[in-house]
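There are structures below to look over.
Consider the two complexes below, in which chain A is the common component and chain B and chain C are the respective partners.
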Partner chain A sequence: MLHLELLIQGLIYGSMYAVIAVGLTLVYGLLRILHVAHAGLFALGAYLGLLITNATGSLVLGMLSSAALVGVGGMLIYRLCYQPILNRPPHVALIASIGLFIAMEEIFRLIFGPYGLTYQNPPLQSQIALGEIHLRAAELGMVIAAVVLLGILSYLSQSTRIGIAWRATVDDSDMAKSFGIDTIKVRYLNFFIGSGLAAVAGIFISLLSNLVEPTMGGVPAYKALAIIVLGGLGNVKGTLIASLLLGVVEAFGTIYIGSILDRDAIAFAFLIVVLMIRPQGLFAGR
Partner chain B sequence: MGIYEISLATVVGINIILALGLNMISGFCGQISLGHAAFYGVGAYTCALLAKNGTPFAAAIGAGMLAAGIVGLVVGLASLRVRHDFLAITTMGVGFLFLGIVRQQEILGGELGISGIPSSGFGKIGYLVMVLALAALTTVFSLWIKRSWMGFAFDAVADDEDTARVVTVDVSAYKLAAFAMGTAMAGVAGGLYTYFARFLMPDDFGFITSITVLSMVAVGGIGSVFGVIVATVILTLMPEFFRFISDYKLLVYGALLFAVMRFAPEGLAGLAGRVFARTKRKARLEDEAT
Partner chain C sequence: MIKKLALIVLAVGFSIPVLSGSSHAADTIKIGFNAPLTGFAASDGKSASEGAKLAVEQVNAAGGINGKLLELVIYDDQAKPAQAIPIANKLIGQDKVVIGVSGSYSGPTRSAAGVFQEAGIPYIAAYAIHPDITRAGNYVFRTSFLGQIQGRGGAKLVGDILEKKNVVIITLQNDFGKSLAAGFKSKAADFGIKIINEYEYSIKDRQFGSIVAKVKADNPDAIYASGYYFTAGPLVSQLRAAGVTVPIIGQEGYDSQKFIEIAGPASEGIIITTSLDRDSDVPETRNFIDAFEKRAGFKVDMVAASAHTAIMVAADALKRAGSTDPEALRKAIAATNLKASTGTISFNALGEVMKSVQNQVVKDGNWHRHSVIDDPALLAPPDK
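Then we have the complex of A and B:
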């Protein structure tokens, strides 16, 4: 029984890791940038979602408008921050991104205060019993949202013209350009969707603890980087599997070796072990 | 100098040793590390435990250097397996792993850290002089390595590993050498920090510290010894200059980091080179005009 519960807990967290990490791995696949500021957008999404939900009383409205606004924010970051330094060595964009992330955390702290905000009437807090497993509605909603969003994403990329253009650009940007695909537009789309997904993940995570604080992006930022590396940088399917796997490893690890290592260290110990065996990640990227 | 200026200058000296160590790995040899604070921490904790057991100063610092260098060598072995961005994330993982281990171990003080570390016995001024002397020594050592055959080989590895291998540069050996030397320098810095602060907390050696050190290297101009030293002095003192807006100092720091990478990606060294080249060209044009 304990094992089943741990497995489910792991999959719940894993599904949210997946929603965060997909955006990150798409950015990497397209631009070869480790986009740390993604986690800043995750926190921004949580703030906007909370503020709009508290103002209007509707979580759905809060979530949709937050995702859209944060999506635009992601496009702005690409245009203003990454586009001018794309042909520099990789550490340049990485450090710029880290600087941006630190600045974003500070802006949240200065505007919204250091102690965090809470929902006035926290939605999705009821308990749901599935057989003998008890879940909170927010946890169930998190999994459902992850499945639906990633399902839509998969449909978009497999079966629509935009999706095909997108995949072609990720595969070989120059070739895609010579076939008449506007690769710059693809990049904007990529940042819009990836950032919007991060915002949704931020809202669900903040619903679990009913707390939005300036530093909430910290841990997911580093863990999402670990996940996309595990999944083989730029490989979407690998990233999804790695997310779920990491969620489960963490859930079991905190019970069995929690006295030696804390949760984050378990995640990174797992990462290092895997990379020593498979240096290209679990699923080789392109 | 008052007590405040003396301790500030001591921190600058320690940071120079720390940053030059990372410059050896990331600057000279091109292996980006996001976990340099872990080696700083290994040095500091080793030194602290020994110092509390009555080990003399020089031996404790030496042991810290050795411990950090050995751990660095092991991580260097990892760098032979993974490359580029994979390596950056692996070293970041090493940093988190170190923190995770320290936090859970009673003997390392756990979350509470280690306190009651004995003093170095040199007095404040004496300690500052010694730290600055060691920083100068590290600088000379860095310059010497850069100009040696080894520095030349590091350059080749940083530039293009595969080509270096083709021209029979032993890439693995040079990478290991860079890691061992760079992390040993971090170990010395850690030991010096231990005797300076006389109180260690796990968070002193967290991801933020790794990033701070990396930004010293990158803002200075990756690979440039003098650029890194100038950037280290500026970035260490900057939060003090901005104390009058203390609430905003991290914001300014993040924004500055971003701005330097966005507008001067080659760092201060690159910027100085550009200005220098421009004035030289201008001088030449003026010469020709007259």
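Then we have the complex of A and C:
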């Protein structure tokens, strides 16, 4: 029974990680940039979601408008921060991204204060019983949102023209261009979708803890990097599986080896073990 | 635009020190103050600096120190030990402060304490809990409880006052959580407490699903959980949401209105060991609470009260010493017997405070008095 509960907790953590990490792996696949500031957008999404929900009383409105605004924010980061330095070596963009992330954390602190914000009437707090297992609506919502959003994403990339254009651009940007694909549009779309997903993840996580704080992007900032390396850099399917695996390993690890390795260390120990056995990640990337 | 904004923010961030107080004239007496104004501990840095500024304003409004005004020199240490050493050197060498006060965590406070001791300038830790801080030497004092001592108080609260015997411990994995757990365990047997299990979590954790599931299976009579309001709020609400109804005992890290805001209805009935009594009728405490909430615009917390107390101890010693000679000041601090917002302050030979533990409980969305532990033998700090 306990193990089933831990497994479910692991899948909840895992779906949270998946929704965050997909945006990161999309950016890496397309531009070869480790987009650390993605975690800043995750926190921005949580802030906007909370502020709009508190102001209007509607979580749905908060979530949709936050995802859209943060999606645009991601596009702006691409246009203003990454595009001008795309022809530099990859570490230049990485450093810019880290700097941007730190600046975002401190801007959140200056604007919204250091104490963090809370929901006036936290939504999705009711309990749902699935047999013996009790889950909060927000936990269930997180999993459902992950399945639905990633399902839609998979459909888009497999079965629509824009999805095919996106995959072609990832495979070979020059070739795609010569076939008349607007690769710049693909990049904007890429940032819009990835950032919007991060915003949704940020909102669900803040519903679970009822707390939005300036540094809440800190953990996803590096854990999501570990996940996309595990999944084979740029490989979306690999990223999803790595997210779920890591979630489950953490859920059990917290209980059984928590006094030796803390939860965040578990992620990296797991990463090291996997890379020792499979240096290319669980699934070969590019 | 974002880059420019970031540059502006960075520029503002580095334009330290932040001078406070009414006058920058040469005839002020300077007190140095390090606190985490940015980074993960910025909320405690904000409370601490607000409490310290209030103390300085109050001293100055009452005529200052023997005719001279106090001036607070504040630096941001980001709660990082590596930042605290240059800050301590700057406070001593450049700003020529006569006393230093730490409004920060144990790591930076330990680092700075060594520098102040070396320079022979008194240094008072307001709420850092690591035992080695005062062991830096005879110029270093502490106006709050050691983690170990508060942990012992927690054991008495759980085993004796609440009479709960089967206990699960949930420990925050840093010096704060670990020393609380060590203190709790050292006295657990004396109060008939059996520790069923202990779990640890990192300060970055906000999701406690697996610990909650395991605690539910353990079925304890009470839970002794260390943490700060930003970890304890989510932890308590997640425990209650999973149907765990037994008493949860916290400590001064919970001591903030923000904890009640985060945990919401789940915070009702949570009891903590701390040093600020909201229902106190002691004028020093009452006046502080009223003045702080008027000045800061938010509810008082333990960190603010502790920083206020530490500055008041410094001001009181300056008055009694009648000079800013470091040795005279050190002796004056050591001889402190002052009623302050967190109780009556006096020090033992090591510079550790001796005072009683205030237990507070959440009732109707506010902290209120639950009980007081006044047991000098149980709460005796180490003297070497």
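Structural remarks
Here, the second predicted complex is superposed on the first by the 286 of 286 C-alpha atoms of A that agree within 3 Å, B and C clash if a C-alpha of one lies under 4 Å from a C-alpha of the other, contacts with A are read in each partner's own complex, and residues count from 1 in each chain.
As a working rule, contacts are C-beta pairs under 8 Å (C-beta built on N, C-alpha and C of every residue); 3 or more make two chains touch, one makes a residue touch a chain.
Just so it is clear, the model here is predicted, and its values are computed rather than measured.
Of the two partner chains, chain B is the only one that A:226 touches; chain C does not reach it.
In the superposition on chain A, A:154 contacts neither chain B nor chain C. In the superposition on chain A, A:125 makes contact with chain C only, not with chain B.
Of the two partner chains, chain B and chain C are each touched by A:259.
Once the two complexes are laid over each other on the shared chain, residue contacts for A:81 go to chain B and to chain C alike.
By the touch criterion stated above, A:92 is placed in contact with chain B alone, chain C being left untouched.
In the superposition on chain A, contact is made by A:213 with chain C only, not with chain B. When both complexes are overlaid on chain A, the residue A:110 reaches chain B and chain C alike. Of the two partner chains, chain B is the only one touched by A:276; chain C is not. Common to the chain B-facing and chain C-facing surfaces of chain A are residues 81, 99-100, 103, 106-107, 110, 259, 262, 264.
Within the complex formed with chain A, the residues of chain C that make contact are 1-3, 5-6, 9-10, 13, 38-40, 42-43, 45-46, 173, 198-202, 204-207, 209-211, 213-214, 217, 230, 233-234, 237-238, 241-243, 256, 258, 261-264, 298.
Those residues of chain A that touch chain B in the complex are listed here as 28, 32, 34, 81, 84-85, 88-96, 98-107, 110, 222, 225-226, 229, 233, 259-262, 264-269, 271-272, 275-276, 279-281. By the touch criterion given at the top, residues 26, 32, 78, 81-86, 88-90, 92-94, 96-97, 99-101, 103-104, 207, 211, 214-215, 218, 222, 247-248, 250-251, 253-259, 261-262, 265 of chain B touch chain A in their complex.
Contact residues of chain A toward chain C in the complex are 1-2, 5-6, 9-10, 12-13, 16, 76-77, 80-81, 99-100, 103, 106-107, 109-110, 113-116, 118, 122, 125, 127, 134, 136, 139, 205, 208-211, 213-216, 218-219, 250-252, 254-255, 258-259, 262-264.
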